């Protein structure tokens, strides 16, 4: 059996020794471990292998580290996700193909969209598609219907694969640290609507994409992954948008791999990634 | 003899033919030409080879294209530059080495700094070093002394190689389109002071640098070149600063190559680069 | 109407002028043109707009440039392609999604595979799938059946999207300059089988992919596009293979965009790409 | 006091715990540790802080891990290096500037060259320059004189900063794992002489550089760092050479940082880098 152990606690001398000690006493093998100390906090992640009683093991760690320590033990398994999308198919399509080919460490339980353009594509892969339109309705009402829809599914993460709507603080609060978004700029540049138009106006020579956890400040959640590509004066903003598709889908795909393997700590507004 | 011809004019049918026609009639050989049409403007650059009377040639082009066309003919030669720096040596040092090794298409006429730390390094290369302190003096007065100092030199461009002072609009006005700055972030992110600290605060996963022409909006002049490198949570802002040095000097070096080869048009707030 | 004009001929003075002259006389507008001179050859590509008689126009160019000049005039249209694949879905899946979303400048007429694993995926998109097994048969016979199958389709290009078989010289001869392959290494490193295993053995710190035209020397045809990603000692060759998928599909996708827009000249064993 | 502890031994259960145990008992603080298991070997590196008796500490580790374990304890200090160069100044110049500015974690004790072109540059920085010509002499004799010259210096590493001569097996044997070379291609492509000419002939779309430890197979030693840049058909091999300078100096510079911080294990023909 494989597990991921994640610990975040106030830094102190001998922590690695004391944690290794507990692991050793449970006859657990450490396949790989990483640790980082920053701003007086200690972050630790280990990939473990062994047969043991998870509750007892975590209990021992808790007893040793105190109640203010954050301790997570994840059995290795595919995560369950629900994808939100709008009209663009490149990120969603990439996830569908990778899911179909068993390359995604997640099960796509459903796709929710405020438009119907992507239904036919999702149907091909026999995944439930829910159209929850945002037209002629209030944000509150639409989100209410989304929440209702989500109640039918068990999921670990919500993935916004080019979902072109802003989620309300109320909605986000339900899923803290569990919503991943792809934004089509190298944040913090070009926050908000139409980043490619903004990039065109500014005359930049690189464009990019940023995958981040969603919090209640637009495009300001903890960043997971970012990448850029070179452009030049010949690119209209439409051409930037086309050229940006590959970097968007790759950045999201990479971020999700990290999330699904329990490699990420969110601390304040940053990520520590092992 | 080699020349660079640059033309910027309102777009119209047959421009390439008509320009090629003039070039042909002067028995000039086009080694390479590039053109771009954007926002109804036509940009044209050609590398020319031949023996001809420059004034007559430009006159013929002017007669044909009208007085509103911008026409520049540059004889191929090394440019003359004055470098501004403060305390950091990586960009300046790179330019000094490349100048010394004859790899820079420019002559460094002098270095001006508001500090004295770099004097010893510049002296090694027998280049005049002018300390013009900014302490205990007004911006106006200090810039006045800089302008006075510059009067002793003939130069094509001012290169701000990590000059940590903001130039006043009055100063910039003297040298429109002739001041190149290196900013240590991928603009428009992290404008202003301490971009690495800002990057650290934001928790970005890439840092970068931007070379741009200086205008009167801080860090908002036309961008020439940009590049980024990957970082992670382990980087303190000091380590970002260290890691950023190479990307800063490379981005500046690349931008200067483009400037010195007369490859750049500045149009509104953007660059067209051939 | 839009056209792409491609000319390759022995370099001579005044070629641009003379070509522009013909274009002008046919009242054709040049939207964009590029040219390159290398090894005494002149390469020219122009994007043209206008109403004219293609045959007459090309005839005039031929009369002027002589019979040894290569002159191609392509009406702008989607290309027709047949894709070859084996078992891996990432490159094929990416093409299917981009085709479905109308982002590919090509129609996928059919998929041919020597295995059946990808049939279900291709069926979802209602594209003919032909299984032509290579087991218990000679290369000659299998290729004969592939050629037979291809006779049912009109196509411009054959795209080898991870087709894990080597095509015989006889087969390649039928489609000179019309077969594009994606090889999973930065050529010329790691030619042949299992490049990721070779990369693992060598202990490289980057892996990559190369899209190239196929000729009769294995993995030695003219290179179109290449890209790399960073790896480290933690990567097993299986993990390199997984990490390489995105760079493979992006490199192939980029190369195909260039091919389908008639941007490429093949000259000897190299490509000139505008 | 800061130390780097490096351990390489056959993998076994509980190694991290047992090592952490020893460290803890010596009241040493682990600032950062990394470990990797590959091919049944265990690699461990820790940055330590504390006041302790190094010999006793290493002795305890040796007693625990057995005599076949490789255990190194490095006090944090600047390394001493001798640089070999030939005629090109970009890598050497970069090291000189970084050394001068105190950015290099090493002292340059001397520069040895088989030509005299770089003497003036090295003299500026008051570093001994030894011309040991290779003309009109056998390889054996020239290397003999180099070895003689090196006897005057205490050094940790030899850095080949574009030294365009092949070292004999006999010479290399003296400094196993202590010679770092920069090769101007992305190895294993373009081994040997004139990689840019080879790259030009092959028509590649990327060029690169590789820093590696030198062993007795030309350009086949353990790779430390690699990077590439994009090129196109317009590049002559001379222009590739010019464009490659920045990537060469950056790759070498990055590799040296890793070496000087004792971050690298050499195992068989590969590097493990923490």
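Here the chain labels run A, B, C and D in written order, and each chain numbers its own residues starting at 1.
Everything below uses one rule, namely that a residue touches a chain if its C-beta (ideal position, glycine included) is under 8 Å from a C-beta of that chain, and two chains touch if they have at least 3 such contacts.
Predicted model only: the values in this text are computed from it and were never measured.
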| item | value |
| --- | --- |
| Intersection of the contact lists for subunit A and subunit B | C, D |
| Pair sharing more residue contacts (C-beta pairs) when C-D is set against A-C | C-D |
| Approximate Å spacing (C-alpha centroids) for the pair subunit C, subunit D | 40 |
| Chain centre separation in whole Å, for subunit C relative to subunit A (CA means) | 35 |
| For subunit B, residues that touch 2 or more chains besides their own | 36 |
| Residues of subunit B touching subunit C in the complex | 13-14, 16-17, 20-21, 23-24, 29-37, 230 |
| For the subunit D and subunit B complex, residues of the former touching the latter | 89-90, 93-94, 96-98, 100-101, 103, 121, 124-125, 242, 245-246, 250, 253-254 |
| Contact footprint of subunit D on subunit C as seen in their complex | 36, 38, 186-190, 202-206, 208, 222-228, 232-234, 269-273 |
